[in-house]
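Okay, so chain A shows up in both of these, paired with chain B first and chain C after.
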Partner chain A sequence: MEREHNNHYDVIVIGGGITGAGTARDCAMRGLKVLLVERHDYSTGATGRNHGLLHSGARYAVTDHESAVECIAENMTLRKIARHCVEETEGLFITLPEDDLNFQSTFVQKCNEAGIRAEVIDPALARVMEPAVNPELLGAVKVPDASVDPFRLTMANVLDAQLHGAEALVYHEVVDVLIEQNRVVGVKLRNNHNGEERSVYATVTINAAGIWGMLVAQMAGVKINMFPAKGSLLIFGHRVNNMVINRCRKPANADILVPDDAVCVIGTTSDRVPIETCDDMRVTAQEVELLLAEGMKLAPSLGSTRILRAYAGVRPLVASDDDPTGRSISRGIVTLDHEKRDGLAGFITITGGKMMTYRLMAEEVTNLACEKLGVAKQCTTATTPLPGSEPVAKTKKYSFAQKAAQGRHGTLDAGISSGDATSDALVCECEGVSVGEVHYAVNKLHVHNLINLRRRTRVGMGTCQGELCACRAAGVMCDGNAQRTINDLAGFMNERWKGMQPVAWGDNLAEAQLTARIYQRLLGVDRLASERRVEYYET
Partner chain B sequence: MGGGLSGLTAGIALAQAGKDVALVSAGQSMMHFMGGSLDLLGSDPSGNDVYKPLEAIATLNSKHPYTKIEDVSRLAGVAKQVLERVGLATTGDTTVNHWRITPIGGLMPTWLTVQGMATVADPDQMPWHSVTLVNIINFLDFPTKMIAAGLRDRGVQVDVKAVTLPELQVLRQSPTEMRSTNIAKVIERNDLIMKLADEINAQVGKGCDMVMLPSVLGIASGDKASQLLRLINVQAAYLDTLPPTLPGVRMQAMLRKHFTALGGTFITGDQVTGGVWEGDELKGVTTAKLEGDVLKAKHFVLATGSLASRGIVADYNHMYEPALGVDIDDLGLDRTTWAKLDVTEAQPYMEVGVATDAKLRCQRNGKTVANLYAAGSILSGHNSVKLLDGAGVDMLTALQVANNILNQ
Partner chain C sequence: MTTQTQTQNVSVNNFEQCLKCSICTVYCPVSAVTPLYPGPKQAGPDGERYRLKSKDFFDEKALKMCLNCKRCEVACPNDVHIGDIIQAARIKYSTHRPSLRDMMLANTDLVGTMASPFAAIANPVLKLKPMKAVLHGVMGIDKHRTFPDYSSRKFESWFKKEAAPTQDQYSKHVSYFHGCYVNYNYPQLGKDFVKVMNAVGYGVHLLEKEKCCGVALIANGMPKQARRQGEVNMQSMRKAIGQGHVVLTTSSTCTFTMRDEYAHLLGIDNHDVRGSISLATRFLHQLIEKGEIKLAFSSDYHKRVAYHSACHMERMGWVSYSTRLLKMIPGIDFVMLESQCCGISGTYGFKKENYERSQAIGDSLFQSIKEAAPDCVATDCETCKWQIEMSTGVPVENPISIIAEALDVEKTVEINK
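Then we have the complex of A and B:
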């Protein structure tokens, strides 16, 4: 048996999205020996492809009381434990002439029932509070919405899991689930960088792989009825609004506009798609048109704002187990104890839910895992700040890059070298990323390539979309292998293009041509690259 | 109209021939992104390197702007002469391409390279045994690790060093200032160039047969850049950096100076906003800054560039030429077919430009405008990032337009 001590865990968590990261953290904080595995990079699935909205729950108040209650509780919790990931913007629910103003009173009442502070305000006041809002609005309600950085939030959970002893492996894909006598005993992993395979073992294996959890369950021989629901979004080139703007009506397409950092995001659409397509989601011209048309109703100036890119994620919706037709879709969090449900011990699936409620999902599934392991320790994730959000005396930061880094990494910025000319040299001017921050990300935050770096530091996320900063970063990160570095640049360029291509007109197309002249003609990236295929997970 | 490579080349050729020329320029041009090399044809349509550009040009399809050049070989020679007369001596000619070293350390085929920059005649036989790559400390637009790795892959031994001068400290206070043009502004002083040469010489070890430096000298002329090279103890040359690329900035400045010296009027920071038409003839153009005034001329040349220079504009549904509203050759494309999914594929939008007749005259409402010509990357029918033909198209179509005007 190769199940020696260091190869056996209490818990293996499959999936490096926010749910998996949160679960790994919770398990580790309860003293369990944890291994987190992710087939690509952290937050490559739905976690990195949503609005970045810290829901107040108001959106669900009328249609789904339970979700609304969960949201507002988690909203208040995340403001405390993840303050370096959250921007407290507040939100508006506006009624437009085409909407029914009578809905507003129902909405406010349901919000109050769910414990969400919803305050009706004069439309004129709403226009003062949020100058970007459609001036034709007939009504406005203020709610405690906010924006959250999902990349940062996921990373903070991973870091905390590791601080509590968890191990984490990125680019390690589960290729088989190991079963012995109706019990899952571990998984076989493939290293996606070098193809090597090995087995790891655990008493409990938790499937937290989002929509791909359906395929993981299949490997274990159990069936989960999931409905991949594609949601497309557009990112605009600057921050048009400072408050989240929602439509005060039943949830529909493209009715939320969220300010995130220096940009803003409109979304989403919602379409059922086949599971086979989830690895390569493309935004269609029709979706772009719909998002733009609806977005302009929330904030008319979006019509004259450059669209930076389009992207799409897949929600893991789950059919209720008690509905044999599979038509009734569960709302909220779904925890499947496969021992009870399918007679397969040692295996739990956590799915459904939303990014907002990841911590609660983690708590529920960790409770179940602890029960199976006979561990009685209580959950403390709701009261323990994440790394980067610990309460400390405010330290003064002077330079643009130092302030930007503190904004991104919270108190973890202490690990970034600064104050000398080499560390302070700027790699990315739009986002204020220094050489010191690039080194920090490479050394501490599992950065293997430029796209990983973008997720950790926002390099290339600004209006220039990586025109020069990606190349500077490649120069800083180069390990002496010219071909690998150039392939990395080619991959980065193609990945950026994937988001720009559906919105390639106006300034975007002009910018694309300039980028091509720099990358392809001046630098010669595409001619020098030996490989430029970009896997879905890198996009 | 247009102060880039094509507009300036046409302006110089016409002023040289005794014409009274005014040139309206919006300001920064694509030359700032061009580096120190000019391409004629570096790649065939299948992506293979081109060794003998004239032979490959003969096989280009009928849409390519080169098909409207009467004698490519002759005008290419004239283009090289124009640069030389301006003070920009170049390496290279039309018989065979040479290779430039890109800012990330790769080799790319090209036609002419400004003297003082490192070039390679045969990519399979590197001319140096041991190169010392000397950067300015913290100048991130010269990724030495990548360049060194690229050269080492070709069998060259490379030492990477970095030097600085106390005077550069002023730039470091704001890291966004560490760009090639700003560095040049600080160090273009005789005493500092000598100090810099000392610093560089101190880094060069035994056996080094080539010192490579980032192009951070010579904004207005190549004098200071040459001066530094002469002070280095071994053979030395510059490499292109990330933009702004100084050799391109310098090329524009020197072309402009020469144009003015020939009596041309250079109107900078302005752009053409519309035409004054009489029937199908263009009588004059209005500009943003010359309020109410009309610039009148016998002939007009539209050289305002492609999308990146806003010589062509794409709105939600179609592309158009914004200055004069001349006809676009949209190649039958619409928004859904402009761009392909893979960025490295040839992108169809790149080939959209203004429609011209065999004499490079523009069209308006389907009719040829007898006195309005187009030159450079505003022309339809070629993809300069795929064919590596940008500078050649700019200069040769500009010279051809000048000939067409002079022969009329």
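Then we have the complex of A and C:
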């Protein structure tokens, strides 16, 4: 009976990372009735825990031609459709004295074969273009790398999916996959805020849960061979570089430095970890040391630049399907039609791939879903700009906060109230987030707590890591339930400390001590909070 | 283990050392009177992070409100050069060419050179209401302001004729950087300085070549000219220092500019000169402390003097040299005013767009001066003098002039022999 009514969908998409969001958008744009479900917040998994690098594909050119071709195509597409999420920084691949300069010609040749414009430049010119680069470099190649904000990109996809009629539920976790006669007919959801459970139904269920897709598949009784690979990164207090800096050699640890917004990020490491640890990743001292030591080879000034945080994500690596041993791991896109593969109809898994090929992944899986649903509509996601990136004349903005907000929300900044003293007052001074922007995020961008707010607006992501802004934001967001606000504040501050702890020395430690003084001794937040438990996964 | 990899945190003007405590904003005189100014923390270290991302984040209108008083730097517990960050950003990112007004206000020595010969005409004319209306309407120089009188005889001319010939008779010697104000507007301060130094046995000499220190050029967007003038001053000072002279001044702002702003904002290498530039009051106080000189004061000198701490005196940490020196005068009834900015900040307060803010900043200072009812206010900065005299009607003197007035010259000469 239930199924006949409101809770039957053409497609249920599991996972609010970039792949799920992109898939929901594509499905909705093709006229399907879509439900997107996410157990925590958007972009809490690998989507929000990477470099924020819009690869040119050059990194993969020598080792993985197919990925390189996908990257450069998506790179060019995202510059157009996600203008407000992308910063066109360009990138360098540098050869250091310890590297083999002969690799450079192979690299350039392979780039060209993949359609990536790779231009060998004089090291002296590279030093002028990017003054932070290691001055000892022997060679440099310029490629069309860029930086991209995955939080914004995910949100823009969700917003567009909703504009096309999709429904989206955050804090709704799939606790069971409903199967009738070898067909997945829906999922049982638990509301993670109040524990209530209910079932929702769909003709096709798409598993886009990243590394956790392995567990979702398990609930459906099918097995996917996945290999969680932990990658750790460091965030520096300000930009030392304005171009992406890579090492011109085969991909290795900590060889990419990306300028993201007002910071720069060095990464990554790569280590296999058990799936059980994926909900609470910790960065180790050894990883910090490795990242710093390798990072200093790209830009020596990193050795004396304040480090704000360390964080880690998990790559959803998938074994080639015919290889049960899991030796041949691909970083390419993997679409599993479980009807063909396992005899389980109505269930598709989309995984592997990379944050920046999300649109292509969404296109592939939506094609398959449409085929199953008998819908013959073409994909238009590559040519339709995302909300915020519409090509309209830029309105001139004056204040720091207005400019910063325009950078974050693109044309959607029109929805942010400004012009009066209250709206223009700053909540977050490091990142220029106004009261008006907080209201906008709370009203329009699915914000339930301070951590959600951070992902939408950068509140608390700056130098002070929440010291000044967290209590202000909590005050603006408080809806009358003071205890809940205090718990939220305590959780947020603990989450900030989690990332600072592995790099807590020097000025960063001084900052943390001042913060602790304010929130513990002065405000007594630790004593007032009724829940000390912090969902680390939320970080 | 990891701490060995990163042993220090280095950033331009220490902008990354900012712990976001916001104490600077509490002490900012501009933030206290207008919500339009984002405050030193925002305009300084916070803004710098975003300016490094894109120069589009340079907000000239906001940064221009900074007085460059450096009170933020005094307040900072973590040695962030907040004022320097703001001024350096203006130098680096401003694309505006200075207006005619700003060029005139900035070129203190050029304008002084032109005005001095016509002082008899220029002084009254500049005070006429129609002239002020023209300056206000056409030039943007606020009608409430009066330019300090130009002297018909420059200090340099007086010195060469009246003082220079007798200076070699002393056994010890100093060089004097008189600055524009002494030269063109108020030679009496220079004369007072010579009187005091001679009394304690020091011969005074001018620098081979002296240019305006350039503080007004920096503030008005002419860093190149400031750098050229700074280099000339450093060259001349190197020569003087080579002869064993200390270079003394009677202006806190000129001193601060040449000691600190040259290196921080203009990129002038002054490390070999900096330590030899000092304020006259500091130099005298240090000699007295060491027992090398003594001052004797006349017994019939009586005055109630209120001391105002100029911003750049605070920045250098030299207020106590001047106040302790003044307190040595037996006949002084000394009042210490609370340290706060008077609001003029050199040429800042002369601009009509800044006038109201300038007066609002100084308001509580003016009130406390009126309440203290002194015979005169003492301060080490000439632009504070103009502001306080205009706003309170109380005369303002440099501590050196007060020392000179109270000094028993004969006795002093005697005990220093």
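To be clear about the criterion, the second predicted complex is superposed on the first by the 539 of 539 C-alpha atoms of A that agree within 3 Å, B and C clash if a C-alpha of one lies under 4 Å from a C-alpha of the other, contacts with A are read in each partner's own complex, and residues count from 1 in each chain.
Note that in this section a contact is a pair of C-beta atoms (placed from the backbone, for glycine too) under 8 Å apart; a residue touches a chain by one contact, two chains touch by 3 or more.
Treat the numbers as computed from the prediction; the structure is a model and nothing was measured.
In the superposition on chain A, no contact is made by A:D342 with either chain B or chain C.
In the superposition on chain A, A:C464 makes contact with chain C only, not with chain B.
By the touch criterion stated above, A:E390 is placed in contact with neither chain B nor chain C. Considering which of chain B and chain C touches more of chain A, the answer is B. In the superposition on chain A, A:A262 makes contact with chain C only, not with chain B. Once chain A of one complex is fitted onto chain A of the other, the partner contacts of A:C478 are limited to chain B, with no touch recorded for chain C. Shared-chain residue A:E167: touches no atom of chain B or chain C. Judged by the touch definition given at the top, the superposed model places A:G506 against both chain B and chain C.
Judged by the touch definition given at the top, the superposed model places A:D176 against neither chain B nor chain C.
Contact with both chain B and chain C is seen for A:A421 once the two complexes are overlaid on the shared chain. Under the contact criterion defined above, the residues of chain A that touch both chain B in one complex and chain C in the other are 285, 399, 421, 426, 429, 468, 505-506, 510-511, 514. If you check the complex, the residues on chain A that touch chain C are 237-239, 242, 259, 261-262, 285-286, 288-289, 292-293, 296, 301, 303-307, 398-400, 403-404, 421, 426, 429-430, 432, 462-464, 467-468, 503, 505-507, 510-511, 514. Touching chain B in their complex are the following residues of chain A: 282, 285, 399, 401, 421-422, 424-427, 429, 434-435, 468, 471-472, 474-476, 478, 480-483, 485-486, 489-490, 493-494, 496-498, 501, 504-506, 509-514, 516-518, 520-529, 532. The touching residues of chain B, counted against chain A in their complex, run 30, 33-35, 39, 43, 47, 102-108, 137-138, 140-146, 148-150, 152-153, 172, 175-176, 178, 240, 242-243, 245, 306-308, 310, 313-317, 335-336, 338-344, 347, 349-350, 384-386, 388, 390. Put simply, chain C touches chain A in their complex at residues 1-3, 5-6, 8-11, 15-22, 35, 38, 41-42, 45-50, 52-53, 56-57, 59, 61-62, 78.
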